[in-house]
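In what follows, subunit A forms one complex with subunit B and a second complex with subunit C.
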Partner chain A sequence: MYQFVRFAAVRASLAIFTLVLVSFIVFSLMELVPGDCAERYLAFKNSQGAQISIADIEAERVRLGLDKPYIQRWGTWIINAFQGEFGDSCILRLNISQLLGQKIWLSVGICLASLLVAYMIAVPVGIIAATSRNPYLNNGLRLVSYLGLALPNFLLALMIMLFSTVMFGDSLTGLFSKEYRDADWSYDRVMDFLSHVWLPVFILGWSATAFAIQTVRALMSDEISKLYVTAAAARGVSGSRLLLRYPARHALSPIINSLGFDLNRIFNELPIVALILTLTEAGSLLIESLARSNDQQLAGAIIFFLTGSIVAINFITDILLAVIDPRIRHSIMG
Partner chain B sequence: MTLLDVKNLTLQFDTDEGRITAVDDVSFEINPGEVLGLVGESGSGKSVTAKSLMHLNPPNAVYSPESSITLNLEDQSVDVLSLRQGSQDMQIVRGGSISMIFQEPMASFAPAITIGDQMVEQLVLHKAISEKEAMKISVEMLERVGISDPSERFNQYAFELSGGMRQRAMIAMALSTRPKLLIADEPTTALDVTIQAQVIDLMKDLVTDFNMGIIFITHDLGVIAQTADRVAVMYLGKLVEQGPVRNVIRDPAHPYTQGLLNALPKLEDLDAPLTPVPGDIPSPLERPPGCVFHTRCSAVEDRCSLSVPEMKALDRKRSAACFVAADQRGAA
Partner chain C sequence: MTDKTNIDVDVDQKAKDAYFTASQGQLIWTRFKKQKAAMVGAWVLVILILSGFFAPFLTPYDPTIDGRDKEYENGAPQIPSFCDDNGCSFRPFIYTYERERSIKTNFRWATVIDTDKRRYLVFFTQGDEYKILGVKFSTHLFGVDSGKVHLFGTDSTGKDILSRTFHAINTSMAVGTIGVFIAFVLALMIGGLSGYHGGWVDSLIQMVTDAVRTVPAIPLFMALAAFIPSVWSAEARFLFISIILGFIGWPTLARRVRTHLLTERNQEYVLAAKLCGASGGHIIRRHLLPSFTSYIIVDLVISFPYMVLSETALSFIGLGLKDPVNSLGVMLQNVTKADVLLNYQWYFIPVIFFIVLVMAFVFVGDGLRDAADPYSSTKK
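And now, the complex of A and B:
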């Protein structure tokens, strides 16, 4: 038990170290972009018609603390970041934490829900596909999988929107209906949210499901043909007990391993899908802040959040693997 | 009464390249307390034959209608080939009255389940006992096969044990339900020679103790000479010679058996060149017509490629499927 706690502690500190390293990279990338926050803001003011001088820019720099050394500014940024405080948005002059607020949780929630749906479908379907000899089922699944892998998410989103607009006159965009957009959370708002959120979850989960089915099927076929399964059958183990206790259980470790990878993929796909479906979540805000307003403070905060979730899920899968697989447990306990 | 009767067992596999014959008209029997050695090169159909005794071959295996495997128990006879997956009688055959141990003990234990869990599972499946009783029996069995600290090993995983220890645990698990027949598929091939001797001694002890029949599959004639009462030699899915182990090894009748014995390295003359059986075992897709061995046989005659020699009883209580041997020794 002591060794397990130590293992978890080591993994946790490694995860935090990774996060610090990532924050450094994110911060450096923000620095590499020509111009700084002061210039950008005053340029924005200028475009609104205000007269500005070099002295104004310098004064703004001092006010924002941009005259301090790079490493010191990163230090302040990372310490604040870990406290959930990211300063103000460069252009909007609004507190980033307030700006992101529930949006970031909506994004993380949508991604995790997609992942959950994907694996809840993929694990049983993959197991059935691996054990079935029915050619129709297998070829049908292969077709669905190839479609899932080949069809870009944004195209799928556009097609569904087109279909829905033509057939039902509803483009299915957004996460809330108009009347609930800025309302407080209530039962009705939750129901309204659920009636909208299934579409992005479905679109994001679609390719992840296709991918996961292939993974699960390949792993299961591999395990089923192993000698220990034949040996268990020879001992009289049969039916679903033979399937679940033996190959399925042993195929689980690599499947858990692929969770982190899949979450990463879903995160990458989220901003484009969000843009098309005009979702008011953090992914579309990221595109907005990066591409349109060049708001590095905001973009940095979002990227930090997203990598943070990926580091977190990788930490969780590490711990899960050690709990499930005695060989891994053995290697850490020595 | 015989324990197990195999009659005209013919088994083909449906594959993309067509039907492959793996076992061709094989008949043999085994009595309680008898050790039958099944010998042959890789690809001769030994393991497939063994697996059909428990109906363990994959679903693309097709048995000919003449094939029959009968297991004679005290209170009933079981027609193995007619059993359906998961049926009650299948349970009796698999792990109840017949147990099987495999070549690689590491690969035949599930890696992420403790040895004890797998032993208890088998016992509870076959005997009307509680998990606690099953645990007690398992630990006793582990002790019986010579494993030290059995109650500690009980909670360990296969990867935590040494090779010889794993095979002992495998034997303990196989025998825990007191089966009538043990099928040992190359149980000592993956072990080094000293451990091999220990495991063979252990198995011999247990046969006497438990009064079981054993089918001992191997390509090692030395091991067969030590363990078996009777030996059956297989080549390309055919049984070519069968008889008491001393008679067959001292005076082999079939040219293939002679070839196998000649191929053994001789410790007394280390300079003597090795004499392998010439040629390679043919692909099962291109089975030779007539006697399957005629393409590699040193005593081949014209008739060998024309018709299939039948299994004929010869001298010294042995039988062989060979025209030449039958003529020389005067088939009964």
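And now, the complex of A and C:
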């Protein structure tokens, strides 16, 4: 038990170290961007008719603490960030945690759901593909996984929209119907949400599924020819019992390990898919702040949050793997 | 009888000699040629790249606003035919169209097709001037005898979609190439340093690389791309996007370089070079890199489609390239509008080219990977 706690502690400190490093990268990149928050805010005031002088900008810089040295500001930022406090947005002048609040959780939730769906499909299909000798099935799956790469999610989303507009006259966009958009959560709203959310989940999970099938299949076919499987078969274990109890357990642990990077890939596709499907609740804030409005404070917060959830997943999978995989458990227990 | 067996042995011996003296590149090529799908992919790829390169000749019009057809905005694809109600012709033709605004069209501009006036297709016709490798030409593969022809239709400003698509292949390939190159240089430097030194340098660099890999690249670079001043010229944007793509792509490549180096660095020839007093950089450049050049090339080919995809994605949301540069992403910028979805579906034609291009790359990359894997033949 002691070793396990130590292992968890080492992993946790590594995760925090990664986060700090990432925050430094993100913070520096946001600093490199020309202009700062004070200028943006006063430029906005200027457009409202107020007279602005250089002295005003300087005063605003002092107020926001932008005159302090770089490292010190980064320090404050990261300490606040770990407490979930990202300050005010440069353009909207609103508290960022309030602004993001539900929306970012919704986005992360959709991404996690598509990851889940991807693996729920990929694991059984991959195992079947590895064991089956049916050439049509194998070639078909190969084609699907190639398409998963060549038809990126945003093109798939476009295709589906094109198809549904031509066929049904409905473009299937948004996360809520009009009447539920600003309503409070209720049973009907949840149902409405579920009736809309399957499409983004499917589209985001599409290439993840294709990749995952490929990986599961490769890992499975490596394991399946090993001696311990033959030995188990010789002892009379057969069918799905043989597959699931012997090779599948070995094949699946590297997959658990790569979940974090799969989530990363889905995050990469989220803003674009969100833009196409006009997921105003989940994606538009991302796009707006990242792309349109030059809001470095908000953009930094969002990227930090996304990275944070990837690091969290990596940490959880590490721990999970140590719990369920006896090989790793033994290696850390010494 | 004995002569014949001698010759056989000779041939055998020659084949063996050829096999044992073949360079890694030759071996990979021999194995690659055996894979049907990869070969088809390679041919498609070559054809697409060439057609991208010779796009100005193969397509009838200038893809920028200069080549627009004012008479035919948002025009549907025109399919040349040989026969109609007025009889048949040996030469394929399309119909004449005109823009008209009258009481009939409710005083809006509308395109009217006149099926009585034919426009015949002509080949090797003179048209817009263009440059290939700095030499000016004005001959185009095809055109029509009067007016213009748009096989894939036109967009909202009257630009020919066929011309734009072929030019876009070229641009996307160029952006991808520069991106891959930048990623490659970064990967060589970082992966090389990490793999050659090993030990704590390696651990440190790996830790940093892993941290960099956890940052979702597209949102991050969206944030950065947003700060590109809108006054930047098309060329500056082009370069900037390529650099961004390079920065997105390097960690995977760096890891591969590192793994290769880690396995190679303990070989005796490295020790020999060290004992001769060669410097670290010299050993990496002259001895270690050539030992796995072919694998690196394979990795580059595999990472290429990702570059093209990222470029398309960035341009698609309007953060990458912009008009007048034509890239596949630029061409897709307008397609999410309901108007386009309902009325102008030919905007999607470039998507087909895009998918074929990426698929071809994936097939070639997969084939190369199998071919470069020395154990691939023994496995089966």
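By definition in this document, the second predicted complex is superposed on the first by the 326 of 334 C-alpha atoms of A that agree within 3 Å, B and C clash if a C-alpha of one lies under 4 Å from a C-alpha of the other, contacts with A are read in each partner's own complex, and residues count from 1 in each chain.
In this text, a contact is a pair of C-beta atoms (placed from the backbone, for glycine too) under 8 Å apart; a residue touches a chain by one contact, two chains touch by 3 or more.
As the structure is a computational prediction, the values presented were derived from the model and not from experiment.
Of the two partner chains, neither subunit B nor subunit C is touched by A:Ile128.
Touch criterion not met for A:Met220: it reaches neither subunit B nor subunit C.
Once the two complexes are overlaid on the shared chain, A:Ala81 sits clear of subunit B and of subunit C alike. When the two complexes are overlaid on their common chain A, residue A:Ile104 makes contact with neither subunit B nor subunit C.
In the superposed model, A:Thr307 lies in contact with subunit C only, and not with subunit B.
More residues of subunit A are in touch with C than with the other of subunit B and subunit C.
In the superposition on chain A, A:Pro326 contacts subunit B only, with no contact to subunit C. When both complexes are overlaid on chain A, the residue A:Val26 reaches subunit C alone and has no touch with subunit B. In the superposition on chain A, A:Ala150 makes contact with subunit C only, not with subunit B.
Residues 207-208, 210-220, 222-227, 305, 309, 312-313, 316-319, 332, 335-336, 338, 341-342, 345, 348, 351, 354-355, 358-359, 362-363 of subunit C are the ones touching subunit A in the complex.
Remark: subunit A residues 133, 226-228, 230-239, 245-246, 249-250, 324-327, 330 touch subunit B in the complex. Interface of subunit A with subunit C (complex): residues 17-18, 21-22, 25-26, 29-30, 33-34, 146-147, 149-152, 154-155, 158-159, 161-162, 165-166, 171, 260-261, 264, 267-272, 275-276, 286-287, 290-294, 296, 299-300, 302-303, 306-307, 310-311, 314.
Those residues of subunit B that touch subunit A in the shared complex are 51, 54, 56, 59, 85-86, 90-91, 94-96, 99-100, 102, 104, 107-114, 118, 121-122, 125-126, 157, 159-160, 173.
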